[in-house]
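Worksheet: the structure to be examined is printed underneath.
Think of it as A, B, C and D in the order they're written, each chain with its own count starting at 1.
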Amino acid sequence: MSNLWFLYLFFAALLVFIGLYCLLTMRNLIRLFIAVEIISKGVSLAIVATGAVKNNILLAQSLAITYIVVEVALVAAALALIINIYKKNRSLDVRLLSKLKG
Amino acid sequence: MVIQIILLCGLVIFSVLAILLKDLIKAALSLAVASLLLGIIFFRLAAPYAGVFEISVVAGLITVLFILTIALTKKGDEVTEARLVKLAFPVFLILFLVIDGLVMKSLLQKIPALPSGPETGTFGQVLWKQRTFDLVAQVGVILAGVLAVLALFRKKEEDRDE
Amino acid sequence: MVFSFIVMPLLVAAFLPLIGKFSKKLLPDVLTNAALAFLVFNSILLVKPVFNQGFIVQNLHWLGEKVNLQVALDAFNLFMLFTISLVSLCISLFSIDYLEHYGHKSTFYALFLVMIAGMNGLVLVPDLFSVYLFLEVAAVASYALVAFGLGYDELEASFKYLMLSVVASAFALLSITVIFGMTGSLNFQAVAQGLQDLEARLVLGVCVAFFIMGFGLKAALVPFHAWLPDAHPSAPAPISAMLSGLLIKVSGIYALFRIVYSVIGITPALSRLLMALGTISMVVAALLALGQKDIKRMLAYSSISQVGYIVLGLALGTPLGIAGALFHLFNHAVAKGLLFLNSGSIQHITGTRNLEELGGLGKMVPVTAGTNLVGALSIAGVPPLAGFWSKLIIIMALVQAREFGYALVAILASILTLWYYLLIQRQAFFGRVAEKWLQVREAPFWMSAANVVLALVCVLAGIFFTPIFKTWISPAAEALARGIQQVLMWGL
Amino acid sequence: MSPTTLLWPILFPAAVAVVLLLIPSRIRYAREILSVMSAGALLYLGFVLFARRNLSLVSDWLGPGINFDLRLYHFSAFILLALSGFLFLICLYSAVKMKNHPRAREYFGYVFLAAAFSNGAVLANNFVLLVFFWEALLITTYALVTLGLKPTSHRTAVKSLLIGGFCDFAMILGIGLLWASTGTLTMDKIQVEPHGLTLAAFVLMMIGAIGKAGAMPFHTWIPDAALDAPVSFMAFMPASFEKLLGIYLLARITLDFFELKVGSGLSILLMIIGAATIVFAVFMALIQKDFKKLLSFHAVSQVGYMVLGVGTAIPIGIAGGIFHMINHAMYKCGLFLSSGSVEHRTGTTELKKLGGLAREMPWTAAGFAVCALAISGVWPLNGFVSKEMVFHGALETGYPIFAIAAWVGAIFTFASFLKAGHSVFLGPRSTEVPKTRESEAPIVLPILILAALCITFGVYNKLPLQHFIQPILHGKAEAAEHLDFTSHALDLFNPVAGVSILCLIIALGIHFYGWNRSGKKAYLASEPIHNLPVLHKLYDLSEARFFDLYEQGVKFLQWLSRLLFRFIDRPVDYVYEKVVTAVGRTFTGLLQKAHNGQYANYLAWTVGGLVVVVWIILQLLK
């Protein structure tokens, strides 16, 4: 059973890596936030898989649901921010967001 | 087991598509498909409520929010990603696959865990009685999200003097 | 009632947007300040029972059923609660006048209260996942508050802040998941117990690294600090004060050290690593602060530097070091809150934050200038203000532990600190009055009042340092340090 | 008398400072009257405490071992009395001199604050308490220097703060080491042999003490401050207060905390520092063209005598050093005040522009003359007595080189004061300053009081030596059971005194020869020393001998002093101005460039930081 856990963790780490790669290299604000979503998929996969493997699925399930709620709130806030930035900038390029520096 | 691995691979593939597809709408849709697959994985891991939440909220609501945002910001300059980034991605992915595999293999028998017996009670009891604090926090998070949207989309009463 | 620290701000926050429909200013002002004053009062009332019993545990019975709303309040928690309530009360007093030109007071206050509820919750819960959750509650509210002005800078800063901290908290949550997998539980005590029985140094080491990144980013430790100098200066002044004064300490330092001390257990190697991180933050940020032209940006870098001191003291792990760090945490919360509010006053008075444009304001706005001086000197560690004592104790603790190198760096960094605070004083307040500032007037009543109250706290905490230290700080430090003895070393 | 009386010298001036800061400028004379009266009250308190001597106040403070511990005994009572005396005179003087200063309110407040901190530092019997007051003094010094209101004042103030901060930092480290090795922080419980760790502690604490006193190489801010700070500040801080405190601590270090042995390496080290300070600073003083700057270099040079005296570890040398400290405080204070009086009336202190003021400002000139003679060590003034004691001490150690260095210092001290006095008060009346008159009484009075004290302490040297100095040494240094320095204090007929007098004469010769050569004709008959018949003859006799030496010597000396200025004085300055600030700026610039505002960059740091932390932890696990 324990080996199964590592399989899931392997995929969770993969998802986190994909998200981080996108965050580090890509430019479109919306795509960056999609990357954040992919990272959080990795995290919720890890939570549920851990619960399933360790006989704690009820607890893990409630954690996963709570995490999804957090995700929704974050998505709402972040997308509202992105729309506001678009209104100011008329562009979604993250490289333009470098006025504050030094 | 095989089905589970296929589902997981599908999840990864659609995630990769979500960051590589040029069209943002398609990217958001592949993210939704990835969520759908994740929901099915949850079902198969005996977490039906989490699966339902994942499919309805993440694959449904969040995708709608994404598409709405994409539609609202469609008129601006197209932001093109660097070609090199996309071309280099498979290389890095394979590199990470190897590292990830090696790390997980080396950890394989190394993580000790306490033996745990089967859980008692129902999902509802766990959520409401064991994790009551989380519910309070959920109320807080939802309130924060709603208020954030209210604050960010408010009409300005008067202009700030810069 | 301990639960009121979480429930009360949430309730008020839930109703404020409705109230805002028919009373734009008065009722939100009164309600928010009353709620916060109640929390301050409440935390003072709790002092006696907590100190008599060591800690109190409360269970809430809800609808006749026993539910798991259990909080354990010890001296350390209470100290944090008191700090949060006191500083945020002053900040909300300041907001009464400051928020006039932002509009939408009710939304602002509601977010503000949600953030406080999040911080209070984080301090109170003895559960790993709930710590993460309340951290997100405070964080989501703070993203919106940073962007509250809806200007370009605010949005840019808020976006970067959000994207960085989302990644960081994902890592913290991954780490929590792994620990959950190993011990099958999330409660601090149960996890600590479980970890004692396991021989899991390697995995636990990686988990600690994830925690250091996740909470270290919230605490703005170098190299995880990059969001702070953007977000803190861009936010409206009360929010800058809130973020720098409280949020980085509660969701960064408190969370990290609560987990390190009470769950995982501190070890010499881990303590060395954290001390090194603290020292790097202290020095790098102090150097960066020297080069700033914008008051608030300078203050933001200063926050990073002072967090370095606190981390250094806490990571040292000796009773004196912990006590000094906690006292510095309190002092920094008060003084940095004061300085950010004060920078808000300056911006309100002159319309600029650029040090090169300011000059000679001391004569025109004595209250603002005087309180600024008090705050700056307190952080810079000038006797007899409170900041001096806490820095002295940290340095003494380092000497006592024979960490002469760290003591040396801490002293040098405090000279740097004094240097850049004197820069602010000289460029903004001393010297000749520039032509364009001849007509400026003192900040409105509530703004000045909040400044004066915080400055008084700085001075009084310095003068009555001994009783405060004995009655407040030492028990809190002991409560935190007790965690070390409870948890078996995991051999790192 | 209850022990809580000991809080008065600290709390009273602090309270006065607060009141002075609060009094609005509109109420005329209130500030001046209050400050003079409370300084008088403090002086009275000083006398009372001096009469009472032994008092001790201990209460719990920061924690175990760190008590709020004040102790009054003969040494601290003596310093306390001296401090309050100087405070009174400075207040009296400033009442007129600083009256129209735009920020007089802050000036008086800071002066009293400084007095409070100084009293605290003197009374402290716990190292942490000492450090607290000691550090606080830096801030008042900083604030007072900025009150010079010159464009460079702030720069100089920061310089004083950083140099002082460095010295204090050394002292804190030293105290830490001492604590580590003895386990106590109570000052009167510590007595150790300096070796190993405690040797380092000794050297570090010594740096703190002599840095406060302004010895080489920690003096560079004082000459700058001479031009940038108010002149009364110069009389207040570098001339009197800081010397008293610095030498007080140095004496405590060498007498109480550590047992300094005669001829030990540490003693030699102290003597080298002392001798070097005397010689180098006096050479620099010689070429100064500004009255105040000349005085300030002497303020540095004279520290050398004190450090040398204390460093000999021989009773007569230590007593001489301490006696020199109080003497120096008196005449240097008087000299600065008289330069202030000149500046008050003429508006300048440049030697070139001044001349022949003695007729218009007779009292200032007289005060200056007495003080200048005292600093030069002319019989029978106090400077003579204390310098003789230092010479004796230095000779007794068996290293005559130090005595010779001290004598060389004496020569040029006198020569430079002849030059200063000559060009300011004597000679033809300068045409560059308009006709003027004597300063007001409150300005002249302190100068005259100080001059009178200089004479008193010289002629009746029994008074200070028996009442102030000897009790300090009683039973401390080796073979100091029967101390009596008074019997031959004014004795002219012994070899040491002979050499000293010879030095003075040489100085006289140097001055007049140089003056003559520089194209000004005729000796001035009014020059009092010149007219003394014996000296005059001796001068004539020695003229021929010194002819060649002078011709080449002046060039050599000027070259030497320029060399010293460039290679000792300037490098210290250079390190501060170029290296420290430039390095800081470069680092800051690089770090600022790194914060380029790009999200990906910041995220890369975060992830990179994570990788590094994981790596370190895995390394630690191995």
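Convention: a residue touches a chain if its C-beta (ideal position, glycine included) is under 8 Å from a C-beta of that chain, and two chains touch if they have at least 3 such contacts.
These numbers come from a predicted model, not from an experiment.
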| said: Starting from the defined contact criterion, work out which chains touch chain C and chain D both, please. | reply: A
| B-C or A-C - the one linked by more C-beta pairs in contact | B-C
| query | Cα centroid separation between chain B and chain D, in whole Å? | reply | 71
| task | Measure off the straight-line distance from the CA centroid of chain A to the CA centroid of chain C, and report it in whole Å. | result | 26
| For chain B paired with chain C, centre-to-centre distance based on mean C-alpha positions, whole Å | 30
| task | Averaging only over C-alpha atoms, locate the centres of chain A and chain B and give their separation in whole Å. | result | 5
| field | Residues within chain A bordering two or more other chains | value | 5, 9, 20, 23, 25, 29, 32-33, 51, 54-56, 59-60, 63, 66, 70, 73-74, 77, 81-82, 84, 89, 97-100, 102
| remark: Where chain C touches two or more other chains simultaneously, the residues are 129, 133, 136, 140, 143-144, 147, 150, 159-160, 163, 167, 178, 181, 184, 202, 229-230, 291
| request: Please set out, as single numbers or ranges, the residues of chain D touching at least two other chains. | output: 592, 595, 597, 599, 603, 607
| remark: Full set of chain pairs in contact is A-B, A-C, A-D, B-C, C-D
| task | State the interface residues of chain A toward chain D in the complex, per the touch definition above. | result | 20, 23-25, 32, 94-95, 97-102
| said: With touch defined as at the start, can you tell me which chain A residues reach chain C in the complex? | reply: 5, 9, 12, 16, 20, 23, 29, 32-33, 36, 39-40, 42-43, 46-47, 50-51, 53-56, 59-60, 63, 66-67, 70, 73-74, 77-78, 81-82, 84-85, 88-89, 97-100, 102
| remark: Within the complex, chain C is touched by chain D residues 60-63, 128, 132, 135-136, 139, 146, 154, 158, 161-162, 165, 169, 172-173, 176, 179-180, 584-585, 587-589, 591-592, 595, 597, 599, 601-603, 605-610, 613-614, 616-618, 620-621
| note | Per the touch rule above, chain C residues touching chain D in the complex are 159-160, 163-164, 167-168, 171, 201-202, 205-206, 208-210, 212-213, 216-217, 223-224, 226-227, 229-230, 269-270, 273, 277, 284, 287-288, 290-291, 320, 382-384, 389, 392-393, 396, 399, 402, 404, 407-408, 411, 415, 418-419, 422, 426, 430, 466, 469, 492
| query | What does chain B use to touch chain C in their complex? | reply | 107, 110-114, 116, 128-134, 136-141, 143-145, 147-148, 150-152, 154, 156-158, 160-162
